[in-house]
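Two complexes, one shared chain (chain A), two partners (chain B, chain C).
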Partner chain A sequence: MVERQSPLEPEFHVGSHGNFEHGVEILLTETRPGSIVQLAAWPGEEKKLMAAIRTVTGLALPDGAGGGLSDGVKSVFGFAPGKFTVADDAEGLAAAFAKVVTPDIGTVTDLSHGRTAIRIAGPKAEWVLAKFFAIDFALPAFPIGAGRSTAHHDVFAQIQRTGSDQFDIHVFRSFARSFWNALCHASEEVGYEVQ
Partner chain B sequence: MSPRRTDTGGRIDRLKTIRFTFDGVAYTGHAGDTLASALLAKGVTLFGRSFKYHRPRGLLTAGVEEPNALVTVLKGEVREPNIPATMVEIHDGLVAISQNRFPSLAWDIHAANQLGGKILSAGFYYKTFMGPVIGPLKGTRFWMFCEHFIRRAAGLGSAGSAKDPARYERMNAFCDVLVVGSGPAGLMAAKAAADQGARVILADLEPRFGGSANWSDETIDGTPATDWVRRTVAQLEGRDNVRLLPRTTVWGYYDNNTLAALERVSDHKEQPAKGEPRHRYWAIRARSVVLATGAFERPLVFPGNDRPGVMLAHAAERYANEFGVLPGDRIALFTNNDSAYRAAVALKKAGAAVVAIADVRPELSAEMRSLATEAEAEIFAGHAVVATEGGKTLSGIKVQRFDMVTGALTGDARSIHADCLLMSGGWSPTIHLASQAGAKAEWDAARQAFLPPKPTQQWPTQQWIGAGAFTGSFSTVEAIAEGRAAGLAAAGGTGTPAALPIVEAVPGEPDPAPVFEIRAKGKSFVDFQHDVTAEDVRLAHREGFVSVEHLKRYTTLGMATDQGKSSNVPGLAIMAEALGKPIPEVGTTRFRPPFAPVSIGSLAAERFGDLKPERLTPMHDWHVDHGATLYSAGLWYRPMIYGHAGETVEQAYVREARATRESAGIVDVSTLGKIAVQGPDAAAFLDRVYTNMFSTLAVGKARYGLMLREDGFAFDDGTTWRLGEQDFLMTTTTANAGKVMQHLEYFLDVIWPELKVHVTSVTDEWAGAAIGGPKARQILAACVTGTSVDNAALPFMGIVHGEIAGVPVMICRLSFSGEMAFEVYCGAGHGTHVWEALIEAGKPFGLVTYGLEALGTMRIEKGHVTGAEIDGRTTARDLHLDWMLSKKKPFIGSAMMDREGLVASDRLELVGLIALDNRPLNGGSHIVEEIDEANPHGSIGHITACCYSPALGKHIALALVKGGKARHGTRAHVSDPLRSRFGPVEIVSNHFYDPEGTRMHG
Partner chain C sequence: MLITCPYCGPRDVIEFTYQGDGNRERPDPASQNFEAWNAYVYDRLNPAGDHNEIWQHSGGCRAHLRVVRNTLTHEISSVAFVRGDHASAARRKAEGQS
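After this line comes the complex of A and B, so read on.
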C-alpha cells in the first residue's frame, strides 16, 4: 500500500529544539494511526454503539461525557453526546465498523486521512497545552483515557489523554502544519524534542 | 542634603550593581531596585511633567498607583510609554526617558501653560474651541485646527510605531482558589487553602511576595515580618497544589469567576530566555477567589501638594525599609490619621531628621505622641500644611492652625524648612476587582472609605471573599486572621481553632479624621495625573454637574492610566461638600477592567503574523515546488497561476486556459467544502435543503444542487454525490463550506431533530483534482485501473471507483470549465501521489496545471456562477437558475422566494458583457446606458467578474444588470470613475462559450 504523506513533513524536524536550560521537557511526535473513525449513534442507541466499539476494538467505554480509554494500539473516546472517535494503529477500522454498526444504530465516517494525530508528552505537556486550550488539564479533571472537544485558532480539535503526561491531539489535516508550528513555538521556552 | 541611599537595610542586593540610563544620563542601582528607588537614591526628585500645566512632578507613591512618575521605556526601536517608574524593575541596559516635556525635563517650554491660570480650568476645551458659525474654521473645523497644537502641548507619553518583536502568550489556568495579593492576608489565605488540599494560585503584581510585610518593620512570631514571608512563601513553593505568580496583575474580574491577569515575565531582564515571552496573559477560571488586594493611601488636598518632594507617608516608609532609600534629609509629615506616625519612626530609624508632624486633629493619643517623641519630631496638633515652597524641589512648608470641624485656618502661618513632606489622608481599600464583579461599595463613616460589602454567602452571586486591608481591616493582626478564615472558606474547609502568628506592631487607630482638603490660596491637586484641582471640582458643581459620573467626565478626574486610584475619594468628598450632601449620597463610580494598563500584545498573544493559521491542500508543497504563485482564499492558500519565466499573470492564465481547452488541464480542487450526509433520512433531508430533488438520485450518480436561505435568496451551490443508499457526499463552494455546515447543523438540531441524519465535515479527508479538456478522458484511461472511464461506465454526472498508481480513487464526471472534465478524489494523504501520477500520465497529451485565474476565466466563458454572483442579494431567477426550483416539493426558502420584491421585473439579472473597445474591464465597474464622465450617474448594474477570454479573443465579463435577458444584443457602457475606465460594451448571454454544452457532454 502506498504510504500516506504527512502534512507536517517539511516542518517535522527530528531532534532537540528550544531552551535546554532545564533539559528537554516536551516530546512531540505524530502518531500516524492507520485508522481514525468517527462513530455517531442515533438518540437512544448509544449503548449499542458502545457495544459495537467493544466488539471491534475490545475497548469497553465507561459511561459519562468524554469518557475513553486506550490500550496503546487502539483508543476511543466520546467527544459529543453519542459520538465517538476511534483510532487504531492498523488500517481498515472503518470497514470493520461498517459490518457491526447497522443503519439503525448510527453512522460510521472514515476520517483516517482527514485528521492528523499529534502527540505531546513530558512534564511540561500540561503547561504548553494551556497556551492553546481553555481546558483543565489537571489529572483529576482530565483523567487518562478521557477525551475533550475543543478548538485551536477557533478550529475544532479533539484531545485524548493517553498517559499521565501524554496527550494525543486530533486536528484537521489542512490546519495540522499551522498547529504543529504553533505547538513547536510554544514549546521553545521549555525545550522540546521531536521524535 | 537630597535623597540618598541608606548605609544599611532594604531588600536590595547591595553587592550587585545595575547600570541603566534615564534621559540619557547613566546611573547605577542595585538588584531589587525599581527605577523610582534607584533614581531617588541618586538624588533625583524630578520625574515628570504634569498633563496640562507641565508642572514639575516627583514621586507620589512607591507602587502601581503612581500618577506622576510616568516614563517611556525604550527597547531598541520599540518604545513603551506611560509606565510608572515605581513599577519598572531596573536591569543592566535599561533605557528610560521622561515624557510630555520639551526640550528637557528640567526646562520644559510648555511650563508656560501654568501662566494660563484659571483659563485652563475644567471644561477648557469645551468652552474655548467652539468654532465660529461662518468662515473656513466654522464648527468643528476650528477644533480640528487647534487639536494639533493641543496634543503637542498636553498629554502623556507618545506611542511608537516600530514593530514590537517581543513574544506574548496567553495561558489558561484553572484552580479552586485564586488569591489576589500576597500581603499577610493573601499569604495566610493561600496557605490555609493549600493546607485543605485546594489547588491554589497566588498572584501579586509586585516582584516580591509579602506586600506590606516587606516594609512595615513589624515582627511576626518573633522574627522580622520579612522572614515570616520568606518562610511562608518557601512552604507554598514546595507544594504541588500551589502556583505562585509574582509580577502578575489581576486586572479583570468577569462572569463565572473568570479573571484576567497580566504576568510581566521578562520585562525585568536584559534579554528574555530563549522562547520566553515578554508578557503572559492569564485567563484564570477559579472556583472561588480571595481578594487580599490591600489599600491605597490617599493624599491630602492642599496648595502645592504636587511639588516634587511631597509624597505619601507609606511610600517614604517603603522606600526606606524596602529599598534602603531616604526620600529626604529633613522630613515633615502632614496627616489626618495615626498610620503616618509609623512612617516617621521608620524614617528616623533610617537616618533622616523628622522635623515636624502636622496633624489636623487637635487631640492626639498618648501612643502617637510617644511615637512622635521617638521620631524626635515636633508635633503640630490641630494644624495643617497650607503651602509648600521651592521650585522643582521642596525647600519648605507652611503650617497654620486648622479647625477640622469648620475647615477654618487661623493664626499666622509658620515656615518649616524641609526637603521632603509626607502626607497621609487615610486609606482606601483596593476594591476594584470586587466592584468589577458587581459588588456595590458601602461607605464606612469611621474609616472614611468605601468598603466592599460584607459577604452575603449567596452563592453564586458572590464568589469572592475579602481579607485584610481590602475589607478595611488595616492591622496585620486582623489581616492574618481574616486571611486564614478566607482561605479556609474559599477552599470549603471548616475553621478549626488554630494558633495564629503573633504580630508585634506599632500602635495606631485605623480611623482618620474626616478631612480631605485644606482650603487655602493656590492650586490644590486632587487628580495629579490629569491636573484636576479642588477648584475644578467646585467649578463643575457651579456649572451644574451634580452626578459623580458627569463630574468625572467634565473634569476628567479619575481618568487616564492610574484611573484615579489616589484621587477618587478626595474628589468625591469635595464634590459632596459642594453639594451639601454626605459622601454616600453622592455615590461612587463603578470600576471597570483593567485595574492597571494591559499590553495590547498580551491580548493579541500568538494570534498574529507568522502564527496565524494557514490552511493547506494536500498538494500544497507540490504547487510551491513547481512555481505556483499562491494567494489566499479565506484561510486556504491556492495556486493563482503556474507562471513561466517572464510571463505576466494574464499571459500565464491565458496560456493555461487555452491549453486546457485545446488538450487538457488539471487543477487542485481539494479546497471545495465536503460534507458527509449520512443516515436513513439523508435523501429526504437533502430534498429539503436543496431546491431540486435528490431522493431520486441513483447510487453512483451526482447532481448539481442549489440552496436558498430561508428568506428566499440564493445561498450556495455545488454537486452532491450519492455514494450509497444512505450515504451522500455534498460539495460546497470553498468560501461557504463553514456556513453551509452550520446551516445544515442548525436545521438538524433545531428544526428537524426527528430526522436521522448525521453531517460531518470531510473536507480534509479527500484530496481533489479536476482534470478537463478534450484529452482528459484519454489521460484517465492511461492511469486508472480497476474501472473503465468510457462514456458507458462514466457518463456525465456518473461516479466510478478505481485506482491510480495503487491508490483507491473515486472519479465523478462533472465540469466547471465547460470541457469534458472529471473530478478525481482520493485520501488526502495520497493526494500528491495521485496528482503526480495524473501529471505523468498527462505528459504525452500536453496536460497543463492551471490555477484559479484560468479556472475563473473558463467559468466566466461558460457563464457559471460563484460567490461573486451568489452574493446574498441575488435570487435563483436573477441567476437564471429557476429551472432548479422544484415545484413538486417545498424546500428551505421556497416559502419566501416568490415575494413581490424578489420577482420584480427591474431586478438585476445575470448577463454577459463584451468590451467593444478591446480593453480590459474592471470588476465592480458600473454599467450605464449613457456615458457621462464628468457626472457619472444612472447605473443599471455592475460587473461581478471579468477576464480576457482566450476562447473568444475578447475582454469579457459577467454582470448583474437591470432587465437582464431583455437587453441581450444591446449596447451600454462601463463607467468606472475611480479607475477612469469608460467605454462601450455589448450585453450578451452569460453563456459565452459552447452554450449547448457539446464539449462537456462529449
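After this line comes the complex of A and C, so read on.
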C-alpha cells in the first residue's frame, strides 16, 4: 500500500510548545489508524451488527447509547442509534466487514481516507476539550471507551475516551488541519507536546 | 435551552435544527384535496404553551426527534425518537395489524 499523507503535516511540529516552563500538561498526536469504518444497522438488526463487530474485531460492545471500548489496536463506539465507528491500526477493516455485514443487516462505509484521528492526552485534556465542546467530559458522565457525537463550529466531531485522561477525536480530513491548529492554540496556556 | 436527546443526553440547542410543527399531517402525495394541502402548508396552532415540534440532532447523532416545548418558557417536557413511531408502525404492518 502507498504511504498515506497526513493532512496535519505542514502544521505538525514535534516538540514542546506554549507555556511549558512548569511542565507539559497536554500531549497531542495523530493516531493514524489504517482503517476507519462506519457501520449502520437497519432498525431491529442492531444486535446482529454488534455480533458482526465482535466477529471481526473481537470487541464485545456494551449495550447502551454511546457505548464502546478499545484494546489499544482496535476501537469501536456507538455514535448514533444503531450506528458505530470502528478503527483499526491495520488496513482492510472495510473488506472484513463487507463479508459479515450482509445487506439485510446494514451498511458498511469505509472512511479510512475521510477522517483524521487526533489524540489529546494529559491531566488538562478534559479542560482543553471543554473549551471546544459543550458536553460533560467528567469520567462518570463520559466513561472510558464511550463515544460522543458533537460539533465544533458546526463541524462534526466524534470523540472516544480511550483513557482516563485521553480522548481520540475523529474529524473530517478536510477540516483536520484547521481543527489541529485550534487544538494547539487552546493547549498553549497549559503547555503541550506534539509527539 | 437544552434538549435532552434520547441517545446523546442533554445538549445545547445550537446542536439541533428545527424541522417544523409536529402537529401537521401531510396529505397523500396524490391527493388533490386543496383544503388539506392548504392546511398542511399554512395552518398552525401557534399555542401559548406546550407545542409539538420536530427537531433534528443535526450536530450530534442526527436522529429526528419529537419534542414538546413550551413556547412561553422554553421548557422541554418530552423528547422521543421520531423513528420509534415508524419502526413500530412498520412492525404493526408486518404483524398484520392496522
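Following the convention adopted for this analysis, the second predicted complex is superposed on the first by the 194 of 195 C-alpha atoms of A that agree within 3 Å, B and C clash if a C-alpha of one lies under 4 Å from a C-alpha of the other, contacts with A are read in each partner's own complex, and residues count from 1 in each chain.
Rule of thumb we're sticking to: a contact is a pair of C-beta atoms (placed from the backbone, for glycine too) under 8 Å apart; a residue touches a chain by one contact, two chains touch by 3 or more.
Just so we're clear, the structure is a prediction, and the values are computed from it rather than from any experiment.
Contacts of A:G44 after superposition: chain C is touched, whereas chain B is not reached. By the touch criterion stated above, A:T109 is placed in contact with chain B alone, chain C being left untouched. Once chain A of one complex is fitted onto chain A of the other, the partner contacts of A:T150 are limited to chain C, with no touch recorded for chain B. After overlaying the two complexes on the shared chain, residue contacts for A:G66 are found with chain C alone; chain B is out of touch. In the superposition on chain A, A:Q5 makes contact with chain B only, not with chain C.
By the touch criterion defined above, A:E188 lies against chain B but remains apart from chain C after alignment on the C-alpha atoms of chain A.
Of the two partner chains placed by the overlay, chain B and chain C both lie in contact with A:I135.
Among chain B and chain C, the chain that touches a larger number of residues in chain A is B. Once the two complexes are overlaid on the shared chain, A:F79 sits against chain C while remaining clear of chain B. When the two structures are aligned on the shared chain, A:P33 is found in touch with neither chain B nor chain C. Residue overlap on chain A between its contacts with chain B in one complex and with chain C in the other: 134-136, 141. Residues of chain C that touch chain A in their complex: 6-9, 11-12, 14-15, 59-63, 81, 83, 86-87, 90-91. For chain B in complex with chain A, the touching residues are 169-174, 199, 273-277, 283, 285, 606-607, 610-618, 621, 635-636, 676, 678-680, 726, 756, 758, 760-767, 805-807, 827-833. Across the complex, chain A meets chain C through its residues 43-44, 65-66, 79-81, 83, 134-136, 141, 148-151, 154, 156. By the touch criterion given at the top, residues 1-2, 4-7, 9-10, 18-19, 21, 38, 40, 42, 103-104, 106-107, 109-115, 130-131, 133-136, 138, 141, 152-153, 155, 172-175, 177-179, 181-182, 185-190 of chain A touch chain B in their complex.
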